[in-house]
Each structure stands twice: as structure tokens, then as C-alpha cells.
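Structures incoming, each one as C-alpha cells.
After this come two complexes, each holding subunit A, first together with subunit B and then together with subunit C.
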Partner chain A sequence: MKHLLFIFLSFVLTTTAFSQGAIEKYFSKYEDDEKFSAVYVSPKMFKMAAKVLSEQENQDLQDVVKDLKGLRILKVEDPTGSYFKEARSMIPTDEYELLMTARDEGQKLHFLTKDNNDVIEELLLFVGGEEFVVMSFIGKIDLEKIAKLAKSLDIEGAEHLGKLGEKN
Partner chain B sequence: MNTSDIKILLEKYWDCDTSIEEELQLKSYFSKSDIAPELASYSDLFSLISTQSTLKTSVSLPDTSTLEIHDILDKYWACTADLNEEATLKSYFAGNDIDKSLLPFTDLFQVLHSESKLTVGNIAIERTVEDTSPSVSKPKKSFSIPTKWIAVAASLLLVSVLWFNTDVLNPQSETAFAEYAVQSEEEALEVTMEALAFLSGKLDKSSNKIKNDIKRVSNASLLK
Partner chain C sequence: MRQLSTLTLLIFLGFNATLTAQRSAHRFIDHFKNENKCIAMTIPGYMIRTGFNFASKFSDDNKEQKIYKSLGKHFKKMRFMVIEEDSNITNSNVADLLTDLRESDRLEEYVKVRDNDTRVTVFMNEADEIIKDLVLVIKGDEEFALVIFKTDLPLNLLKEAKFSFNDN
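Up next, the complex of A and B:
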């Protein structure tokens, strides 16, 4: 009986571990794909960036960045929408909660969050359209603070992601 | 019985058709003294037969039970006697009416019989046929995995889980996505600001749109 319990727990642990890594596996799958533009900002780099940012006056931006621990972005041309569909199908619904969906200027927007005790630990943004973009923000995410940034940064829209293509 | 009847019986006797009663009548006739003269020649023959019939056989054939015991003994030595047959042997040799041909085995079976009666303190335990029936319960079939194999399997499972999910257990691992990680804080800040600007713009726009939609629905005359 103990053996059966052990095997069952091992199975649960294994399956849970694999399901937790769904988004990581998705990024790993396409990180070497030449068609994709990819960016990864590590926790160490965020700490360094926060120091540089502290010299600036934008307090709203400082408040958001200091709580971030990781950022991953993938971008690819997706005229058929197949990448968008594939990525959305890989996200476990029991782990990520759909925050909202919207349509803006021909783009499909899906916001998903992973919460822990009412604190958002990860925010996923899927953008579908002529271009497919997926962003994963890891850390302590405050949606109100992020929404405020739209005015303080005085920038808006997908044109600001253009530089991502220069990375690869 | 007159002479003619005796002659008829004699004819049947020579033809071996006489019954035992008729032969007894012939013997009885020829054992007497008033035998007809023409039958006197057969007198010696029948008196001889009558004498022989009274002789006791010097060789006594074994009776049926003795033969049966011999058969069982043969099976006993061949180890093919069943429990009932062994019990028959024990009870036979425990008795007093043992055939001479079986006397050499008496001591052996009496010893076996006495050994089957065990005494523990004041409690006498006598093994019976029922007692000697196979009473050993069949061992339960059980399936058990050796502990060391479980440990090996658990270790392999743990290693494989850790191997395939290193980036899961440590999502911020610097080795993961290292190939496309930004290399300077200025670049990190620039990318982060762009991403946040994009995110905040879309988030703000989407949430405002949702708020407006909710306001429009709540102001709809249909719901008032």
C-alpha cells in the first residue's frame, strides 16, 4: 500500500512539475528558431537596471521595475494565427487565469495571470494579429501601477516593440 | 436308491454332469456294504475319493485379508499407499490375528502405531486419518517489490524530474534563455520600458474599453 502511495505521489509530482513548465517549454521550443525574435531579462539584470533607474525621476516606473524579477518576450510574423493558437493551447488553465481579452486595432489581446494568495506572480500577454507576441512578466505584478505607466511613459502601441527585432 | 438309479448316476458321473448332491449319493452308496455285485468294481474308487475328501490340506492358502495386506504392503514400500491404506496396515498389525507370513512386519508397524500417539503432559494427542490430512495452508501469494529497487526507481524519477524541469524549479535561472538574454543594464532597462509601455498601453486601453462597455450596458434603456 505504501508503495502504491509513493508511486501515486511521484506521478502527481512529475505531472505537476511538467505542467508548471508549460510556458517555459514554449519559450525553450522557439528560442533557437530564426523566425522568432526573443528577449530575456534575468533577475540579476533587473537588479542592475533598477539601480540605473533609481537615478531617474520616474517614480512610477521605479515602483514597477523594482518588483520585477524576469521578463521573456517572443515575437514572430504570424499571418495565419497558428502561433497564437498553439501558444494559447499550451497554457494550463488550472494554473493561469484569464484576466481579460480585448481586440484593439486588429490585434487580439489575451491577458493571463498566475496568482499566489491574491498576489500576481506572473503576467502573460498574448498578442495575435499579423505579428504574434507573447510576453511573460515575472515578479510581484501590480496591475494598477502598470496601467499608470501608460501616461507617465507617454508611449503606446506595438511600434515600441520594434527594437526587439534588432536583438536577434 | 436302487441299482438302476446308481447306474444312471454313474453314467452322469463319467460324463461329469453330476451335481454335488448326486456325487454325495454315490459316495454314500459305495460306502455301504450292500453294493450290487455288478457295481462292486467301483467300490474302491469311490471309497478312495471319500477318504481323500476327508483329508485336511497340509498347505493353507492365505485368506483374502492377508492377500489384501500384502498388496497394501507392496504399495507401502513403493510409497504409493494412501492414508486409509496406511491406517489399515496399522490396525491390522495392532491386532492379534496376524498371518505368519506377515509376522516379520509386526514390530515395525507397532512402533509406527505407538509413535503416532503423542502425549503432551496429561493430554494425549492421537493422530487420526483426518489429522494427517494435509493441513498446511497454502502460502499466500504476495507481490512485493524489494525496497532497494523502489529506492533506485525513486532516485531515477527525481533525477529525471529535476533534469527536465530545471527551469521550472528555478524559473529565473540565468542559464536558461542565456542565448538571447540582454547583456547590459541599459539594454535591459530599454527593453523593459518598451515592454512595460506596450503592456501598460494595452492594459490601460483594454481596461478602459471594458469599463466603457460596462458603463454603456448599465446605462442601456433596456435594463432600466
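Up next, the complex of A and C:
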């Protein structure tokens, strides 16, 4: 009985660790690759930004920043679309739900979310086209509010977040 | 008596760990400061204050002048090193420095950005809403810069500065 329990626990732990690692693994694989541009914003930075943004700022923006725990971005030239395909194939479909797909001026947009009890814990945005961009937002995510980040984030590809607002 | 020795040892180890991070950045400067085309400098707090006071003279806005002056009071020391070209600093040297800084108890990695050959990493030590240390590591293809600030900069002041500068 103990052995069975041990095997079951090992299986659960291994599966969880493996699926959590898929995105991490993708970012680790390419964040030091010179072909890629990479951005990482730590939870501490978001915490500090939330303190520095005062009541005078847009309340939604403050709410989004307060609940964000991290942001990772990778960007690369991808004329053949191979990076887009590779990244999409690495996403564990049992864990991430495809929220929305869109086409915009020759670019493919895929939004995926990872939920826990109806709370979105991670939002992934894949942009495919001449350039491939992947963004991972981690935290407690409100889609309507994060759509408003589109204007505030001065990062190529972030403008697509506005599509989330159009959906809701 | 034995408990007292253990406590002393723990305090010593803790104190040592907090110094390690800053020391590794300073050690890095000490090691490379005699390189060809290297500028290394330590600027004391009173000179930084003078610089901020001087900068405030260029502003017509009283509020902005005050903020410049108060910002200057919170920078205790700045040490930097810049190597412009033909730097002997390898990617491996920088990777070791970044690992040392990341592994320190005192500093935390806040933001990391890489675009083409340029990498910028920002480390901070913030406690009780006061930024105590700020370390910037910038590595280009041939250039390298390491900047260390010792401060007691309150986040509230950054908030004020942000709005004052945004208004203008």
C-alpha cells in the first residue's frame, strides 16, 4: 500500500514539475540565444511599480500591476514560422486553454491561459509572422484589465493585448 | 555558552552573506579597473548632491527643482566602471558576476533585458519601501559598464518625481 502511494505521489509530482517546466524550459532554451531579444521583469519589480504608481494613475493599471508576479518576453525574426510552431507544440494542452486566436495584418495571434479555480494564473501570447513573439504574464490576471496594458507597455507585440478587451 | 557561540557564528555568517553581493561587484571593478581604455570612478554623496542641485537650476518649475534636490540627498555613493572597446571582459566573466549577484541574499534581480548584443541587468536591495542598493550591469558587444549606487531612496520620492516629471 505504501509503495502504491509512493508511486502515485511520484507520478503526480513528476507530471506537475514537467508541465510547469514546459514554458520555463522554452524561455531558458532561448533567453541566452543571441538571435532572440529577451525581457524578464521580476515579481519584486511589479511590487515596486505598484507602490510607485499612485492613486492618480489609472486605477486599472494599478490593479493589473499589483497582481502581476512576473513577465517574460522573447522575440526573434521568424520568416519560416518554425519558432512559432516549435513554441506552440511545447505547450501542454491539458494545462493551457486556448482562449482566442486572431489574424491581424498577416500576424497570427494565439492567447492561452492557465487557470486555477476560475482564476487565471498565467496568460501566454504568441505572435507569429515575420517576427515571432512570446509573452508570458504570471500572476492573478484579469483579462479586461490586462488589455489596458496594451497602451502602457512600450514593447513590440504588447499592442496585441488590446484584442483581449475586444473579446470581452 | 555553546548556544552563544552558535549564535555568534550565525550572526557572523549572515553579516558576511549580506556583504558578499556588494563585494563581488566591487571586486569585479577592482579586478578590471586597470584594463586598457577603462574608466573607473567613485563619486561621493556630496558630489552627487551637487550634481542634482546643479541639474535643478535648469528647471523653471519649483516643484521639479525641489525633487531634484531631494533626490540628490538620498544618493550616498556611486561607483562605476566603463570599458568602451577592446574589452577583455568575456561573457563568462559577466556570467560569473551575474551569478554572484543573483545568489546574494542582499540583492535581487529586478529586470533583465537583452537586445542583440546588449544585455542590461538591474539588481536592487529594497527594504521598508527604501531602495538601499542599486546595481546596473550593462554588457555590449565590446563595451561594458557596471554601476553601483549606495542609496536610501524612498519609493515615495520616486512616486513624486514620476508625477512631477510626467506633468511637464
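Just so we're on the same page, the second predicted complex is superposed on the first by the 134 of 168 C-alpha atoms of A that agree within 3 Å, B and C clash if a C-alpha of one lies under 4 Å from a C-alpha of the other, contacts with A are read in each partner's own complex, and residues count from 1 in each chain.
Keep in mind that, in the parts below, contacts are C-beta pairs under 8 Å (C-beta built on N, C-alpha and C of every residue); 3 or more make two chains touch, one makes a residue touch a chain.
If you're wondering where the values come from, they're calculated on a predicted model, not measured in any experiment.
**Student:** Taking the superposition as given, does A:Ile91 touch the first partner, subunit B, the second, subunit C, both, or neither?
**Tutor:** A:Ile91: touches no partner chain.
**Student:** Is subunit A touched at more residues by subunit B or by subunit C?
**Tutor:** Touching more residues of subunit A than the other partner does is B.
**Student:** Who does A:Glu34 touch here: subunit B (first), subunit C (second), both, or neither?
**Tutor:** Only subunit C; A:Glu34 stays clear of subunit B.
**Student:** Touch check for A:Met45: first (subunit B), second (subunit C), both, or neither?
**Tutor:** A:Met45 sits against subunit B and subunit C alike.
**Student:** With the two structures laid over each other on chain A, which partner does A:Leu109 touch: subunit B (first), subunit C (second), both, or neither?
**Tutor:** In the superposition, A:Leu109 touches subunit B alone.
**Student:** Looking at A:Ile120 after the superposition, I want to know if it touches subunit B, subunit C, both of them or none. Which is it: first, second, both, neither?
**Tutor:** Neither partner.
**Student:** Please identify the positions on subunit A that touch both subunit B and subunit C, taking each partner from its own complex.
**Tutor:** The overlap between the subunit B and subunit C interfaces on subunit A comprises residues 31-32, 38-42, 44-45, 48, 51-53.
**Student:** For the complex, give me every residue of subunit A touching subunit C.
**Tutor:** Where subunit A meets subunit C, its residues are 31-32, 34, 36-42, 44-45, 48, 51-54, 56.
**Student:** Across the complex, what residues on subunit C touch subunit A?
**Tutor:** The contact residues of subunit C facing subunit A are 108-117, 124, 126, 129, 155, 158-159, 162-163.
**Student:** Help me check something: in the complex, which residues belonging to subunit A touch subunit B?
**Tutor:** 3, 6, 10, 13-14, 17-18, 20-21, 24, 27-28, 31-32, 38-46, 48-49, 51-53, 61, 64-65, 68-73, 100, 102, 104, 109, 111, 123, 125, 127, 135, 137-138, 143, 146-151, 153, 155-158, 160-161, 163-164, 167-168
**Student:** Note which residues of subunit B are touching subunit A in the complex, please.
**Tutor:** Interface residues on the subunit B side: 145, 150, 154, 157, 161, 164-165, 167-169, 171-172, 174, 176-182, 185-186, 188-207, 209-210.
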